[in-house]
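The following pair of complexes shares a single chain, subunit A, combined with subunit B in the former and subunit C in the latter.
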Partner chain A sequence: MSEAKEVIKEKSMLIQKEMLAKLFRELSTAKESGKKVVYTFVPGNLTELILSFDMLPVYPEINALQSGMRKKSAAYIRDAEKIGFSEDVCTYVKCDIGMMLNGNSGPTGEKLPAPDLLLLSYTGCYTFMKWFENLERLYPGVPVAMLHTPYQEDGKITADQIAYMVKQMKEDVIPKMEKVSGKKFDLPRLSKMMENSAKSEDLLVKILESAKNKPSPIDAYFAGVYYIGPLFTAFRGTQEAVDYYNELYKEVQERIRLGLGPVTPEGELKEERFRLVVEGPPNWTNFREFWKIFYDMGAVIVASSYTKVGGVYDLGFRHNPKEPLESLARYCMGCYTNMNLPQRVQLLEKYVREYKADGFLINSIKSCNSFSAGQLMIMRELEQRCGVPVGFIESDLVDPRYFSYANIKNRLESYFQMLEQRKIILERESQPAQ
Partner chain B sequence: MNSLEKLIEECSKQAFDLNFTHAKKWKSGDKTRALVGYLPIYFPREIAHAMNALSVGIMGAGDRKQIIRGDAYYQSYICHLPRGVIEMALDGSLDEFDGFVFPAICDCVRNLSGMYKLAGKGKFQRYFDYPQNFDAAIGGVFYRQELEKIIDDISAVNGMKLSIENLNHSIKLFNKNRELIEKIYDIRQEYPWRLSALETYYIVRAGMVITVEEHNKILEDVISCLSADRGEPMDNIRVVISGSFCEQPPAGLIKSIEMAGCYIVDDDFLLGSRWIQGSVAGNSNNPLGELVSAYLNKSTFSSAVYDVGNPKGKRLVELAKKRKADGVIFSAASFCDPALLDRPEMQKECDAAGIPHINFQYHENTGQFKVIKEQAGTFSDSIKLWA
Partner chain C sequence: MNKYYLGVDLGSTTSKAVIINEHDEIIGRGITNTRANYSVAADIARMEALYNARFSILKKNLEGEKTAKPEYNKYITDLENSFQYIQFKIRIDKLFHEMVKTVKSFLSGKLQGDVLDHVNSIFFIIEPKIKQEYLFGKLGSKNQFFRDIVSEKYNEEVGKADISLFEPLMTAWDKSITVAENEVIDFNFGEIIRKAMETLKEKYKSLPDSTPGDVSVNFDAEMNILKGNFTEVSESLRSHISDVANLEFHISNMTGTGYGRALLPFPQECIRSEILCHAFGAHAVFPETRTVLDIGGQDTKAIQVDKYGLVTSFQMNDRCAAGCGRYLGYIADEMSISLNELGPMAMKAEKEVNICSTCTVFAGAELRELTNLGEKREDILGGLHKAIIMRAMSLIARSGGIFNEFTFTGGVARNPAVIKYLTRLVKENYGNNIKINIHTDSIFMGALGGAMFARRNIQADLPSVKKEKAGVN
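This part shows the complex of A and B:
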């Protein structure tokens, strides 16, 4: 077997690594240091609110994906299935429960503390509710704060929906946070954090939109989830996050100035052959192999929906220091998976057009109905509206049993051949007649 | 009065008429009438009734329709129900429907509402969000707003306005409907051989596609017939079925369980018809508020309702005890996240209460029941022999 090549890393990636390591160190010593820990979810997260109480957030789906990347998820899932979870259900849930059954060691190997509060910000994914009902029984006595986020079924956020969410925050979520943390709610502090959030959000949008350049200096899917997006969730609202995104933005600008493509684990992409918009989460168990199929073919993802589950900032939303709770409500309701299907199609169509994509690809995830149900209709709509070739592959989040490398590679190679042929035809058609 | 056999035959015909002939005929009788299709689990049909609309349960195509185009819209790992619902939209079975309501039960049904929007099916396609906060001043306000959206939708279709008098009248009719259904379940509690679970299923399901007035009459007739003995008591165990609240099991599966030696003394097959436990106040100046209050305070336990503080496992155990059940059968549709994710904790509660249980999965168009029959038969034997 050949030795795995050393992964090439940019400065921002190293900063991120250090920031995350520090967070996990803090988490591992939370009980000793007296810091309270809140388990919650990425979509519709209330990071600023949690941090304003000096509590630490833990995101079970991030732990699950990290377990997937570190090849631990298969055993965790198996253990969850042993206690009665069906093969059919969400593998994030099973991975998380399996991790807990195995001593709750986090991604860095350090033990994660048990939660002091379960914050069920139930946004865009029905399974979240089931997940936390299970956790509530596995951590008896731990208070649960439920924040029900209404779905954007009409394709808009209404004043009534905002009022519903703010009431839930004021009368349930915040009082529980006060009780658990032993601190009074500090509105000015929250507002101040939101100033930082908005700064980070401005920078994040500029970074993501840099993919409109040709060549794109970033991969907005693989790099999007690898080093552009993750910090956003746990650190949004902090000065550290603003500094990180400033650094990353500088790197991206420099790449644009030099006409460089994205950084891959094997270095710079030399030639951008295909620009794609991707819908759906990535596979985590074989993340690098999966990415490699793309960069080996010169395919760059210029926009993706998965990087918008934590917020669709490129549609203009920013956390607003003047209306902190209202803007948290708007934020939750605006997350990608909380948008209705016509809105999703519209967003993806915008991406295909604005990012001048050559194709639209769906990675359909076996255990994520929030994304997967309806994707085949989304694909038809995109094909009709944009006239670009569409592709469809299937895998799973963290269950390696559902990642078939040969099958995916085969399908992608055929898809790339189709894109290549189309390019040739389009170029021929654009030549002036002889 | 019709004989019980005749009533059952008529109900079985109505229950599985996927062209919804009866409902369409009803609509054609008056221009202000409207048809509102709704998916599982619960929709407060009172509001539609009070606005001269008939709410029609769309419970999937089951094993009664070949899915030709619907499969092209779904991956193999999505449950079967939405395929049939899309098929019916594409083959014209739902063309006379004015609107559709998609209650918040899971991400598949939620996204199906968007697919209906994209396909422009009906004059409205409403995702009906249940509140997960049960404080009247918070979740209650939200739920009322959700109901008002549907009221506006229906009003835009047929021009009817909701009146206090009409809604009170409708509430009383549906109170009666639930009361009669419960009466049948209670009779079956004592004499399960008089009406099989499948016959009960036909009778309850027929009520989702005909008017409540017609259904109440049928239920009254059925109850009257059940006062006489019918059938022979069998040496069966008594079971509660849990997990079949959305995608419906095929009739053959229900029959197979009974034939294997299990009286199904309670179930969640058509849970929406039995959702509110007890009556809703029917002489109120604020009948819409009464429906809201009933949802917040009188809902049955369900995978669609956030249950911290009142866990559904404990409520299942209470139900099994109330029905003097010997065991619980967890029967869920494949790929049904809500049912399957609830199952382990509910099984734990059964274990703690000493209630034996088995589980299996099905599709609405499952055609082979041999394995399930053997499993249910073994379960029945093991309880009869050793419990």
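This part shows the complex of A and C:
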């Protein structure tokens, strides 16, 4: 198991770290500075809208994953279970509730402010609704704005659906934001932010698509979760985010020029042996150990669905300054977990082919229904359509009790041996008999 | 020189070794119980496979002469039993000395003397009994391993002793058996075979000249030939035996697999996942197999393979023991019967009692509850066996289902009730046209796959990279 070795930090990583530190500092002093705080979720978030009212967003699931990475989640989950949450409830929820029960100290140790508005934009995950019902009880009297995102049952976004969502924004979400912030809705400001959103989105797509190179200069899953950070959370629509992605893109281009592999906490990956597409969120409690198993095997994740939970930009969608609210509606409905299963299969198939992956792997999360439903079907479809070996491992988001290092390593080792042998045997088969 | 290849499958319950020749034919099998010291388990299985291989070669070499001298068959079988007995004898002597040493170390005074007397007399009684079982092939499949064979008899005798001695006698056993079991004894094949022949000579001498009326005439005749001919083994047979004893056994390559694979004293590039090995072994024996189910001691795997025997996907239950072999072991313990008796008893079920518990440990409680309610043991066991297969069926479904040929591997494949329910449920779920393969060597499938990988010299050396292209041997 990995022990803390000096981790290589690129400039972009330091920029991101500073951005986050600044945000949490601002949050910790929000009450003094008079800034209003909105709790909301990553998939289908309305960050530009929140920021346009000079409010600060807090994403409970990001706090939960951060607590997981910082080894705090076990105690939080235990406390949530003590007050009656069942073993089977989403561990993000329990971790978040547990954190609040323990004084709401955020991942950086700084205290998180109580919400002034609970903005429930639930996208593809029905647990979100229950989660916020609990938050409503924990913070009595805090207004709740609910934005219902229609699921893409038929695999398409219709004009009616867009109109339905815009109507909710105009009639419920925006008035509540105006009331909480004491500011008028500023459409030109929102539009301006969307220009920045689209710039960042363009850059993120280029960065993620750089994995089509061989060797891939990035890991689009383990490192990918850092790359999506600013755009999927509090910084979409800001100049800071644009600057971050410009810097990151420069670094990636340089790596391509030098023919270098991805940077990992264990060092640079020297030889790319396997290219994989991964479906499902990572495990956070043992994130580095988990990544190291792949690193040790020379495996690079060239594309992942998890890095699309906060927006599927590589299919062409961009926030549009000309139609800010409509594009927010489109954005919400287009997030990965709001896509129907055939769409997800199609997207993953495209990844396997376009990124020339050797295999497809699913990390199935015990307590996440919105991701896990349909995964076996997805796996079978991918196996049949692409003819690549498929693998299945199980862990959890932030409950360390469900991360079994030995079991996961055993399965992954078998999986990588499958890939290796396939290469050797198929190579032999394609040669004339000796 | 002939080339041989070794596969060792270090499972959670048993360790298996298989030796194959250049034509992928199994010529040696070895199996032992896995113990805390993995490398000893692997060594014992490997040595057993090597001895077994020599016997295989001996039988092969005698092919031509056997038609003229059919009694050779009986003699070789007897010789193999006798050979195993001699090995057993060496180990039980070690155990005896260990017991004496242990008793002296933790007891003193009169109690020490009493316990020593008992240990002495117990071994004096059980050793000849076990000898008889070995020499007359009566060991059966009930007990396979040294520990089981001795403990059964030892416990029986301890039960007869005064109750005050129970505790010290059992403590002495517990403290000594692991030491004795874990000692690697380098047996010399030539020497043991010589002793085995001596032992047989005595056996034949002591056989009665006529047999009781209930024994078939055929047997009588065979025995008479043996008695007549084998007080002195014929020169030709003796020379064949000495040939295989002197045979230089060259293992060209080997593969280690199973849960303990990382702990095997093998080079990294010779270690292979058991999923791949089971699939490769099953595919080698039944080339049309596309789905493999392996029920091991501590996990269950449903594996899909392609026409090359390569794994395309697998699903694994490594979280819950309720679908694994260990479940049966636990139930056997709960019922105080041996693992090998479970299946035959379940075959007598007239119905399958519904077992709701999906947990191994709680199944024990459920078992007692159902017994209290008046359910018959056989019917409960029928239900338990069915429950395991239902679990396996769900795993198979997760892995993609069964399309044409299906092969069942692992130690559990020896259990007739498991086979009964598996066959029934596979047909119910996937139709009557599915061909179901269960090989007598099912338990060795992983080791066989390993040996076959070794013969093909397919290296999948992870994580260290050696890109040299493996050549076909």
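The criterion applied here is as follows: the second predicted complex is superposed on the first by the 418 of 434 C-alpha atoms of A that agree within 3 Å, B and C clash if a C-alpha of one lies under 4 Å from a C-alpha of the other, contacts with A are read in each partner's own complex, and residues count from 1 in each chain.
By our rule, a residue touches a chain if its C-beta (ideal position, glycine included) is under 8 Å from a C-beta of that chain, and two chains touch if they have at least 3 such contacts.
Source: prediction; values computed, not measured.
Novice: Regarding the shared-chain residue A:Asn407, is it in contact with subunit B (first), subunit C (second), both, or neither?
Specialist: second
Novice: Should A:Leu376 be classified as contacting the first partner (subunit B), the second (subunit C), both, or neither?
Specialist: both
Novice: A:Tyr249 contacts which: subunit B (first), subunit C (second), both, neither?
Specialist: A:Tyr249 sits against neither subunit B nor subunit C.
Novice: Could you say whether A:Asn134 touches subunit B, subunit C, both of them, or neither, answering first, second, both or neither?
Specialist: The first partner, subunit B, only.
Novice: Answer with first, second, both or neither: which of subunit B and subunit C does A:Met146 touch in the superposed model?
Specialist: It touches subunit B, and subunit C stays clear.
Novice: In the overlaid three-chain picture, which partner chain does A:Val345 touch, first (subunit B) or second (subunit C), both, or neither?
Specialist: first
Novice: Scan A:Met418 for contacts with subunit B and subunit C and give back first, second, both or neither.
Specialist: Only subunit C; A:Met418 stays clear of subunit B.
Novice: Give the label of whichever partner, subunit B or subunit C, reaches more residues of subunit A.
Specialist: B
Novice: One more residue to check, A:Tyr122. First (subunit B), second (subunit C), both or neither?
Specialist: first
Novice: Is there a shared patch on subunit A that both subunit B and subunit C touch, and which residues make it up?
Specialist: In subunit A, residues 376, 394 are touched by subunit B and also by subunit C.
Novice: For the complex, give me every residue of subunit C touching subunit A.
Specialist: 259, 272-276, 308, 310-316, 318-319, 398, 400, 458-460, 462-463, 465, 469-470, 472
Novice: Inside the complex, what are the residues of subunit A that reach subunit B?
Specialist: 83-86, 88-90, 93, 120, 122, 125-127, 129-134, 136-137, 144, 146, 148, 150-151, 153, 160-161, 164, 167-168, 171-172, 340-342, 344-345, 364, 366-367, 369-370, 372-377, 381, 394
Novice: Under the definition above, what is the set of subunit A residues touching subunit C in their complex?
Specialist: It is residues 271, 273, 296-298, 376, 379-380, 383, 389-392, 394, 404, 407, 410-411, 413-414, 416-418, 420-422, 424-429, 434 of subunit A that touch subunit C.
Novice: Under the definition above, what is the set of subunit B residues touching subunit A in their complex?
Specialist: Listed in rising order, the residues of subunit B that touch subunit A are 72-75, 77-78, 82, 104-108, 110-115, 117-119, 126-127, 129, 131-133, 135, 137-139, 141-142, 145, 303, 306-308, 311, 332, 334-338, 340-345, 347-348, 361.
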